[in-house]
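Shared chain: subunit A. Partners: subunit B in the first complex, subunit C in the second.
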Partner chain A sequence: MNALPRPSTIFLAAITALVAVLLYSPLFVPIVSSFFTISHGNVDWSSPTLATYVALAENHDILAALRTTLIVGVCTVILSVVSGTLLALYYHGRRSGRSFLQFIIFLPFLMPPIISGLALLIFFREIHLERSLLTVVIGHTVFVLAIVYRTVLMRLQSMSRTLVEASYDLGATGWQTFWRIILPNLSSAMVGGAILAFALSFDETMITILVTGTQSTLPVRLWAMMRLGFSPDINALVALILMFTVLLCVLAARFLIPRQMATERT
Partner chain B sequence: MNQNTDLLTLRSVSKSYGTVPVLHDIDLSIKDGEFLTVLGPSGSGKTTVLRLIGGLEPLTAGEIRLDGQDISRMPINKRPFNTVFQDYALFPHMTVSGNVGYGLSVRHMKRKEITRRVAEALELVQLGRFADRFPAQLSGGQRQRVALARALICQPRLILLDEPLAALDLELRRQMQEFLKSIQREIKTTFLFVTHDQEEAIGMADRICVMQAGHIRQLGTPHDLYYKPNCEFVARFFGENNLVPGKLGPAQGEQRSIETALGRLVCSISDQPHLKAAPDGASAFAAFRPEALHMADATDSGNSFSGTIADLAFAGSSTVATITTGGDAAQRLRLRMPSRIDGSVLKSGETVSLCFAPHEGHLVLA
Partner chain C sequence: MSAAGSIHPRERRLSLLVTVLAFALPVIFVLVPLAIFLVYSFFSVDQGTIVYTPTLGNYVRFFTDPIFLPVFWNTIVLCVSVAVICILLAYPAAYFLTTLKGRWRYALLMLLLVPLLMSYVIKIYAIRSILGLNGFLNKALVALGILQQPSNLFVFNMNAILLTLSLLLIPFAILPIFLSLERIPQTLLRASDDLGASGWQTFLRITLPLSLPGVASAASFVFVLAIGDFLTPQMVGGISGFTFGRILYSQFGTAYNWPFGAALSVALAIVVICAILVGERFGRNRGTSI
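What follows is the complex of A and B.
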């Protein structure tokens, strides 16, 4: 492993550390500074406080935004997990049309959000669908579907085909095979996909701004607050969202990193 | 249970994947209660035969009959057969007893009855202590036995095993071979066992079906295949053999002569009417095993010829000599004799006179 000469190892380590600090330190600034008050645009480092968090908890606008975010997130997760799983099941092992479908599914995820958002906006207007939470949920689902589809499909592909054959061979019907063999083997991928979908929906801003009606989600609320000026509760809010998202990603990784089922149970 | 009634019959079965033919006009009868091994090199269509019988693939042509009834179109989950897959295909999210009981629980058997029969089946494969483990916590040989118990518990008419021992190391493979054989004797269920290992086939099978390139080349007891191969492929595939090409001469009773570069050789054709019927002058091979070849002495009247010893190889209980015969159509032959503590009587480079008895030589049509 230690094939490189020592000076170059040190050099590489230093570069890595520098990159890490440059890239990730901005993430910690709001977390740290959220525990201090800001006066006249400067952080007052002398007295740590939870005041900003208390102010946040009393802010009804923000609480309403949080509720909206959660509603949208849960609906998006349900919609995207069900449809992503169905699509993956349908297209697994089918050659024709699969790459085209994948292209369509991945398009909204890869396109700049503003393009996806505008496309959706135009679409909703054409079919005369009022902008509301429903349109937000649809927008988010279109956006995160790729993630769920991909995670479930990958698990399906890594599942041995003979498992299904063995189930039929032992006398099970198609329905029994689905519920007792396929679904249990997909469940952790579905949970992982759901968490990722929720995290993405939780943070989504651009599409939401374009397709929402009167209600705003947390990130949209944040965006609006920032346009009015940099206030201390923004720090607290950013810190909370950041921590929550990290938590979700850690959770998702737990479900998605392949492990032996057995060690998971015992 | 009658070993002489046919359980399953394949009639003119063909299979193509797309436009690629894989099986050509297969005819095969499996007797009730026998241990039938399908043997053949990789890609010869063994797995395909098994999958057709199990119902995992549809037939392209022909029919499969069970007790005389056509089951070609019977869905896989209705067929009274169970498969032991090469990769075991144990359900990773179920315990050993969950796996073994699956076949019963999908048929809505009572829980108590399932528990009882699972315990019985695990006892049979000596895995009682492992009932609550998950497949990932078992060794290869144990997984193998779970897969077997899972198939046995449904009391199938026929158990299909696709190279179930290929993934095991040599020692474990020997043990499992004996184990499978003893279980088969105990429960008297018909086994259809696929392998590409001829030693395994010889050791386990009541009958062997040799496949090559999508054809069945020969079906018979291990003894028949070894001593009466019916074609060049089987003669070469089964153990070591000396094949000398030539043209058939006239038949005389249970023997027939063949003109070869080694002179006229006389071989047995007993019980092989197709050899009696073959026309004079037809291309054929004289086939004789290395252990049938020996040094000629004055009393030998059989097929004798001379050759030069090119190489001697000590192989434990026996010694194998590679012999070249002179002339334009030089042959390489092998001779196997018991090893002797005081060394071989043969020397490398020596020219010797060799022979084999007519009843130990056979003819194979080219």
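What follows is the complex of A and C.
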């Protein structure tokens, strides 16, 4: 698409730069304030400090919320990767009933989180399941399942059938074929799906607010604190989370993108 | 999996388990809650307890009470505006990405998508501080001489919700537009060039029509995400920025009327389903597989 004249390219580049600035400005604010003091909207550039990071290490409330979030994230990843992979294996190559159940799996991801969250809230109440971390994990798993399912299913569909046939021809049992051929081929899609699931769970706020009990995850804790305003150490936490998230993105891209582009080429 | 050779009893038990799981999981944790939710919308509340007798009262109240329909309508208009703003910004950016070559293209795409994974709550908070009276936006506008003094125009009202949601959701518009632009065959553009069309003519006659499916998907994504959000309006909307999501959420908190909240959710779900269907219908790529 190089047919456009030069001024248009400059215009497009300018808009793209503007979009990038708009997208990154909200991230820039907490990072800057984690190193510098801000009063009345003016940044005091003269005295960088790590005091916020020290304060963060002593904020047990926030650290407990962070730990809760990590526990929820890990449980969600395990549950969603196991069930998502099983569902993908089950529905791969099966036509009957697939589109309907697939639609159900995708519903919580397509519907606004407030609807999924409220539906689960009433459901838990009706089955007399006390709101706790368990209900949060269920909520998160239902939410991210579609992503893992789709990632694994896409890999299964791009996997060559001849691999499986060759395995059977060489005398392997179905079980051996699964462990030696199918699972290794799926592993990078599963890892990629797991990272995405973890990232989504880590930041899930709207469903969590509705189904959580007394223990809150980090986003919910931050949400509760936000009404009163944040203490400066929150900025330090945010800066750390941003770095961690970027790392996750790079990892997810490594596991998901190269393979898919490679399969597209062949 | 189901191919020849699977006679081992352990395998058979496993495949039975998988079958049960494959049906039970989605049904129990998605379908049943949604069904109960729908049923709840026909119940009512009397002095803090839920009355389990079916009634259409909640729906009648939604359509007759002078509060709910206007808020509902205003929220839809707000979310359509958010979608329009997002597309106006995302389209040129996505187009620019497709003019780049190889590695740069995906690196820049990644750069524009990464903010999606950053903490939603923190982003809202940061945007509020940017829009606020002492915020960067006011400072910039005053410095540029556009405003005489800092204004409260950008925070704690509908404008604030509009701006914040647009800022949060732009990446969701970039991706589908980028994908549809990337799928346009280069041969079509070269043919148009060979036949003597100018850059603009090629864009208006070839590129734009073929990228409209991506625009439709982008619009439906952004709209659905915007209309379901109750955190942003709560945080930056103040008293005047009242959206449907906020009213809905309050039914489960301060107002404590779960059945009425369920009925409001049904209304929301219907709008969302329409938006998704419209996105599906116009978002399907046609004629690009030449």
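Throughout what follows, the second predicted complex is superposed on the first by the 247 of 266 C-alpha atoms of A that agree within 3 Å, B and C clash if a C-alpha of one lies under 4 Å from a C-alpha of the other, contacts with A are read in each partner's own complex, and residues count from 1 in each chain.
To be clear about the criterion, a residue touches a chain if its C-beta (ideal position, glycine included) is under 8 Å from a C-beta of that chain, and two chains touch if they have at least 3 such contacts.
All values derive from a computational prediction rather than experimental measurement.
In the superposed model, A:Thr214 lies in contact with neither subunit B nor subunit C.
Shared-chain residue A:Leu120: touches subunit C; no touch with subunit B. Contacts of A:Ser96 after superposition: neither subunit B nor subunit C is touched. One of subunit B and subunit C touches more residues of subunit A, and that partner is C.
When the shared chain is aligned, subunit B comes close enough to touch A:Leu170, but subunit C does not. By the document's definition of touching, neither partner reaches A:Ser47: not subunit B, not subunit C.
Look at A:Leu222: by the touch rule set out above, it reaches subunit C but stays clear of subunit B. Common to the subunit B-facing and subunit C-facing surfaces of subunit A are residues 168, 172-173.
By the touch rule above, subunit A contacts subunit C in their complex via residues 1-5, 8-9, 11-13, 15-16, 18-20, 22-30, 40-41, 83, 86-87, 89-93, 101, 104-105, 107-108, 110-116, 118-123, 126, 138, 141-142, 145, 164, 168, 172-175, 177-178, 182, 199, 203, 205-206, 210, 219, 222-223, 226, 230, 238, 241-242, 245-246, 248-249, 253, 257. Subunit B meets subunit A in the complex at residues 54, 56, 76-78, 81-83, 85, 87, 89, 91-93, 102-103, 106-107, 133-137, 150-151, 154. Residues 160, 162-163, 165-173, 176, 180-181, 184-185, 260-263, 265-266 of subunit A touch subunit B in their complex.
The residues of subunit C lying in touch with subunit A in their complex are 1-6, 8, 10-11, 18-19, 21-23, 25-27, 29-34, 36-37, 40, 89-90, 92-93, 95-99, 106, 108, 110-112, 114-115, 117-127, 129-130, 132, 134-136, 139, 167, 170-171, 174, 181, 184, 186, 189, 192-193, 199, 202-203, 207, 224-225, 227-231, 235, 245, 248-249, 252, 258, 261-262, 265, 268-269, 272, 276.
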